[in-house]
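Look for chain A in each of the two complexes below; its partner is chain B in the first and chain C in the second.
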Partner chain A sequence: MKLIKTLSATAMLVATGGLAIADHHMTSDMTLVSWGGAYQASQVAAYAEPYKLMNEGVTITWDESSNEAVAKLRAMNEAGNVTWDVVDVVAADALRLCDEGLALEIDPDEDLAAAPDGTSAEEDFGDLLVGDCFIPQIVYSTTFGYRTDMVPEGVEPPNDICDVFDLEKYPGMRALEKRPINNVEWALLCDGVAKEDVYDVLGTEEGQEQALAKLDTIRDSVIWWSAGADTPQLLADGEVFMGSTYNGRLFSAIVEQKQPIGMMWDAQVFDLDGWIIPAGLSEERLARAKDFILYATDTQRLADQAKYISYGPARASSAPLVSTHAELGIEMAPHMPTDPENSKNTFLYNYEFWADYRDDIDAKFQAWLAQ
Partner chain B sequence: MNASIKRPDLYRFTMPIVAVMGALFGFVTGKIFDSPVLGLILGALIGAGLSVVLARFARTKRWKIIGASGLVFALTGLLAGGVGGLFGGLVTGLALSWFAHWVGSGRYRAGVPVYYSKAQVLWHSVFLFICAFVFFFLVAPLVPVIWLSFNAEQFFTFTPEMLSFKAEGYSLRHYRDFLGTEEWMVPLKNSLIIAPIATLISVTLGTLAAIGLSQSHVPGRRAIMAILISPMIVPLIISATGMFFFYAPLGNWLELNLGLNQAFVGFVKVILAHAVLGIPFVIITVTATLVGFDRSLTRAAASMGADPVTTFFRVQMPLILPGVISGALFAFITSFDEVVVVLFVGSARQQTLPWQMFTGLREQISPTILAAATILVGVSILLLTVLELLRRRSERLRGMSPG
Partner chain C sequence: MTDTAQEPMLAADGRPLKQSLARALRRQKTRALLMIAPLLLFVMLTFVIPILSMLMRSVENAIVPDTLPGTVAALSAWDASSGRAPDEVVYRHLFIDLFKAAEAKEHTKLGTRLNYEQTGQSSLFRTSGRKLDDLAEPYQDAIEDISPDFKEAAFWYELMSGEDGSALLAQRRDLWNALVGEELSGEAGFMPSAQIAQLLPWTARAYTDFALWSALVKNDTVAEERPWEAVYAALAMDLEDPAKRQAIADYDGAGAAQLQALAAAQSDLPAVRLREGFIELNRSWGEPRIWTTIKLYSPRYTPGYFLNAVDMQLSPDGAEAKPENQQIYTQLFKRTLIMALIITGSCILLGYPVAWILANLPARTANVLMILVLLPFWTSLLVRTSAWKVLLQQQGVINEILVWLGFVDDANRLVLMNNATGTVIAMTHILLPFMILPLYSVMKTIPPSYLRAAKSLGATNWTAFRRVYFPQSVPGIGAGSILVFILAIGYYITPEIVGGTSGVFISNRIAYHISSSLNWGLAAALGTILLVVVLALYWLYDRIVGIDNVKLGG
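After this line comes the complex of A and B, so read on.
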């Protein structure tokens, strides 16, 4: 017995020694790219700070450039000077970067940790592993918030996506994102197209016209936003009655900033956000990036992030571990877009459709905006 | 006051003018309460009334009357629109009654030569008002920025508590965020590393270039000057793109061949890029002061045995120093305010204050940016004041009048 103990202790020592040696092959500073705001703060608290505690001497610099990650990575690659180590992007951008060879392909079962119960990473992430380079982190949704104090008297608060298009019942300005994605789907849905036919209709010339015509009916009451922070600001100002944005931003405005805003979850559009590792890193930097990814996407870490922001963790095994808000102590589950109460009617961002039609519909949308 | 100024005719001159001004004020106020026409008429009547009252009592009690009308307006404003109305009313009342007094007592002619025709006097007054408006529009945008930076909320919003001046509407949390978080202190530190070094390089190179280019025997000096000044003329985004592709291989070379670390190389790149942007300002200001520099002084120094370097530091430099310093100020501000080039050439480790403000505005719209802006405004006012005081002092010491 004693022998076994000694042996295993020696094995442990050797293993840690091996790890310590491995450490010398990693750089000690890395640059992470994210979106800023409450979202980045949640990553700092859930991933970066504990990682730094575990790995003494590691410094992490944050760059709030996820918004233009594709363009910047292209330029960096062209100049042969990639300064980023791990980049947070939405799934659609990850797919583009992967296609262009700007992101590293990953092997889920080798690069990502298995679930505590032994389920392989590939199975744990499941369908969310879209593309070969994308390491999913959260599920977020684009949905609507409205000023509770601006709901007309004697009228129900909006609870249907078509209330956005109903200027008679709910007068006032709306904030919509300055791009066709999501807006055209909502428009068709409220113009009598069945949910399952939306993308078939959108694939046709007439369908695109139809969607823009529907948007035209509220055009004079729309303020177009381009950054996630715009809509919460416009709502807080009372500049708009309702507006679309990411659900975590609305959560922060409602629960943390205590603004008179209500959520309207109907027809929320799910999307994925996660990490990629840029192609072209040196060996030491790649080793550090992979080490960080392995840690930051394990089951507990993903569940921890949900303490700070209301985005759903991308691993099935993390969901039961989601607990209460780190400061406010409220239960986070009812604020998650994936909560059954909130997800009665949802869309999933259609990556294939938008990969094929994005440029075309974008051009039409911009032309329509400029009219 | 000039005794020869005579009071203009009350009913034919003062009353109509003040009534028009009152109507203007009334129109604006009426707009706020959604009845501009009523406001217009009421304003005209109040203006006319004020001009009469001031004409009656103006000789003895004019300041009391101006103050009293300010108070009456303020009270009316308070009743109609709360604390905001109080301030609006006070300002409107004081402005209108002062205007009535200014026109009615004939003071508007005080600063004008007596031989001016009526049209010239009118133009003089209009000119003064235009100047006041220009000044107002330059400074006014700063007021909400400074005010909002004391907001207790996380948005760019004047909350009802702020507008009614309640203590709970205000806080210093954004200043705490600015001074207490790495998110802002690291960029500030980076800015304070990059800007002074870039300034030092621009001033050195720019002054040398200006002195060289002011010698008439330098061949092709106009062409050289044009090239050196071009960063000021070429759109910044073009220079930035060019610099990005120019400095990237340079940085790679430094990293690979000299084994310098990436962060250090990043700083070198940004500093060099900013120095290039600052050089034109130094060249222009130093060239301008060199025009007034008497070249026979350098020959005199040489005839007394001073070598060119001594001549430069002991004779030429002190005389062109004002140009060098103002060039240095411009170069410093160019680097300190610069966001485009640093976004291209720099990486996250060289985040400067403007970089942080830019991304912060786009991604989170946090009032911490306003706190940062307020502090920067304060610092630059302080810097300029100190500089101006020093300049006056040195001029006094040299026996020149402060100009």
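After this line comes the complex of A and C, so read on.
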């Protein structure tokens, strides 16, 4: 009896203590949406766990729906019941959510923490603040990996984007994403279009045809992927010789799973991933979401995430703090897409262009694929 | 006898039997209805209504007239075949509509919507929405220079307030409701003056819009808020009209002195040239193309999505085929139908002998084998499909065995997946139980004595099967085929994983438009067409085979 009394008294104490700490103006549970897999794991380790330690009584639920976040948020909004508090999306989706009025506009200097040296958040994130709603988190890139054991004898490993289109020198299958974005840019680059003219050319009918004609030259040797995990799997199985995917996926195939895969960083396409706060949250939930965002995007937190996955932090002030892999102990900097050695020739995803041309070029691309 | 014919027959409780029977029947019906009521309600709420609302999206187009009400009305006078962009007045309406929409952040939605029809609208609306203030600023500066009172929120409020403006207020309120898609509640705290509305129509409309937005959405007091820049531009539009300037001279209401000063100095105001202003913001506004698109999509309901779904498009001369390099959907529909038929056919070929063996084995053995048929049912669809990936790929199990046996050269391994072959193989396997089960339950009911009788009458095995057994099993084939075909035609996951480019179905495009391109209207149109095709095939089946001939058992 006494034991039970003591136990329940302790429970009460813990409960009231928790209440005393939890801010009454914020909800104590929140739902975060991310991509699952290694990436979400890095967010749990770098952001969510430390945040829970700091804020006793807060529970965080994860939903692995980032892939269809835009469609789901739109449906939730129409139903008038938004159940997500903070959502991880790529910048292009954030832009669309902002356009559709589904994401909250943010004020970088008010909603985000300044750098430790006092640099304002707006300056620290710089150009990466795409649109009015997007809170950048990482820079990732879409780039190529190749099977080191399948490089023909006497030929040096591929190191130029145009090697993808060179079936004579590098025979074998390629894995490319089943959408025009990135593929048409690479095709034009290798068809003699200067890097700065790529989007001007792509904006014309002839340019789009030119890109598809270039892709036509390797079409029979391409397996088209639609999930980021496909390419590492295809490479590991020896189904393809080279393939494009997100650099973090290749990093874990090479470093963590010890697959015979090499990186080809030439003409890698930088893209951004980050948070948005859905529009239409109640005041208490919004306060919690903003509190989390303020914490999870500060300089140290962004640098911490890079311990678990090879994506570059979006803040300039976080870069010097990037250290070694949390488990393997290797230096992370050389595996970052932003490393000077890797980023000699890069592209930045052109958000404005693709917001306009996505539907049009995708229709032509799909018609071309179906031929 | 005659007595009974005249006297109605009575039931035990003394009522006429007919009445009593009818009552019992009614009660029975009510009870039956009540018993299915929960299910009916469930199906209505979770199935019928969502499907109907989704189908509505395939023709719904209210966003254009709701976002640009004035522009759409003004545009009706414009001749699309004239080859030149519309006149200044359309641009003035566009400015007022777009300014409102930008305040409510609705203009980008319209941009996204129109971008499905014409590339470039998305950024056109986004960037133009940002810079509308710049268009209005010269007028605001000039007006405030002439009469500084126009800087004051309270002065504006007094000038615009008055009596009998409830019609205008209600009209503008309805437009706001349509724009934001909900009923705005609350009191405006502002009553437009009917006199001013007649004197300065543009200004009165713009100010009323501003007042409603401030009061109902921002929860501000109208009298304390400075009006939008658009209101100043609207005032400049009104002042350009000499007749109105004349009328202002006779006006004696609130703010008359300032208005008259403004009217007198009208020549100092910059001329309202919004057409040039918009073209300066973005050259596209000067092209007739964009106006053609807006005009074509200005009705509340549009056949546009359905036309897109069959590779056509709206044009000023009616529907026309899309350029060849953008045609994809008719091809996908055809492919989906053909492949669903192939899959159904191979399910019949593979399932029939299995069902026959199951039906003719002793019950004990049959039950064990039945588990093997059902086993795939208990495995996740995704797992089964992924397992096929492992088997079918070029370095996969099947190819390895063939190479090892020497049937296939190592350099020329078979391409069994990422094409139509992969889809057919994997889907045949996945849908096979849906063929075997109805076949089995029908075959179970065919007495073996019929076959024996046929044979004892001199029929060969083949004839006995062909003339006696097979006709009796046809209802099972019918049921299995309908099940497999209808399931196959809407399949999505398996083609996505093993179909590559030549083995994907129309449902993969529907999924793309639902979750990636967000073109829900087009997805709804494609879905509707798919539904109609299935219903038409079902009807055809009924006409040819007869739906009474379908048996799922017994």
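Basically, the second predicted complex is superposed on the first by the 349 of 371 C-alpha atoms of A that agree within 3 Å, B and C clash if a C-alpha of one lies under 4 Å from a C-alpha of the other, contacts with A are read in each partner's own complex, and residues count from 1 in each chain.
The rule is simple: contacts are C-beta pairs under 8 Å (C-beta built on N, C-alpha and C of every residue); 3 or more make two chains touch, one makes a residue touch a chain.
Predicted model, so just to flag it, every value in this text is computed and none were measured.
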Check: Superposed on chain A, are chain B and chain C clashing or fitting side by side?
Finding: clash
Notebook entry, point to check: What is the contact status of A:N345 with respect to chain B (first) and chain C (second): first, second, both, or neither?
Noted result: neither
Note to self: Is A:A79 touching anything from chain B or chain C once the two structures are fitted on A? First, second, both or neither.
What the structure shows: first
Note to self: Per the contact definition in the header, classify A:R96: touching chain B only (first), chain C only (second), both, or neither.
What the structure shows: second
Notebook entry, point to check: Counting only touches as set out at the top, which of chain B and chain C does A:K364 meet: first, second, both, neither?
Noted result: second
Next item on the list: Quick one: classify A:D237 as touching chain B (first), chain C (second), both or neither.
Entry: both
Note to self: Which partner chains sit in contact with A:S65 here, chain B, chain C, both or neither? Use first/second/both/neither.
What the structure shows: first
Checklist line | First (chain B), second (chain C), both or neither touched by A:G36 | finding: first
Check: Where along chain C is the clash with chain B: 403-411, 457-465 or 529-537?
Finding: 403-411
Next item on the list: Check chain A for residues that touch chain B in one structure and chain C in the other, and list them.
Entry: 67, 237
Note to self: For the complex, give me every residue of chain C touching chain A.
What the structure shows: 105-106, 108-109, 111-112, 115-116, 119-123, 126, 325-328, 331-332, 393-396, 418, 496, 500-502, 509, 514-519
Check: Residues of chain A touching chain C in their complex?
Finding: 67-68, 70-71, 74, 96, 98-101, 178, 209, 223-224, 226, 237-239, 352, 355-360, 362-364, 366-370
Checklist line | Parts of chain B lying in touch with chain A, wherever the complex brings them together | finding: 153-157, 244-245, 248-249, 251-252, 262-263, 266, 347-349, 351, 359-360, 362-366
Checklist line | Sites on chain A touched by chain B in the complex | finding: 29, 31, 33, 35-38, 61-65, 67, 75, 78-81, 83-84, 227-230, 232-233, 236-237, 256-257, 259
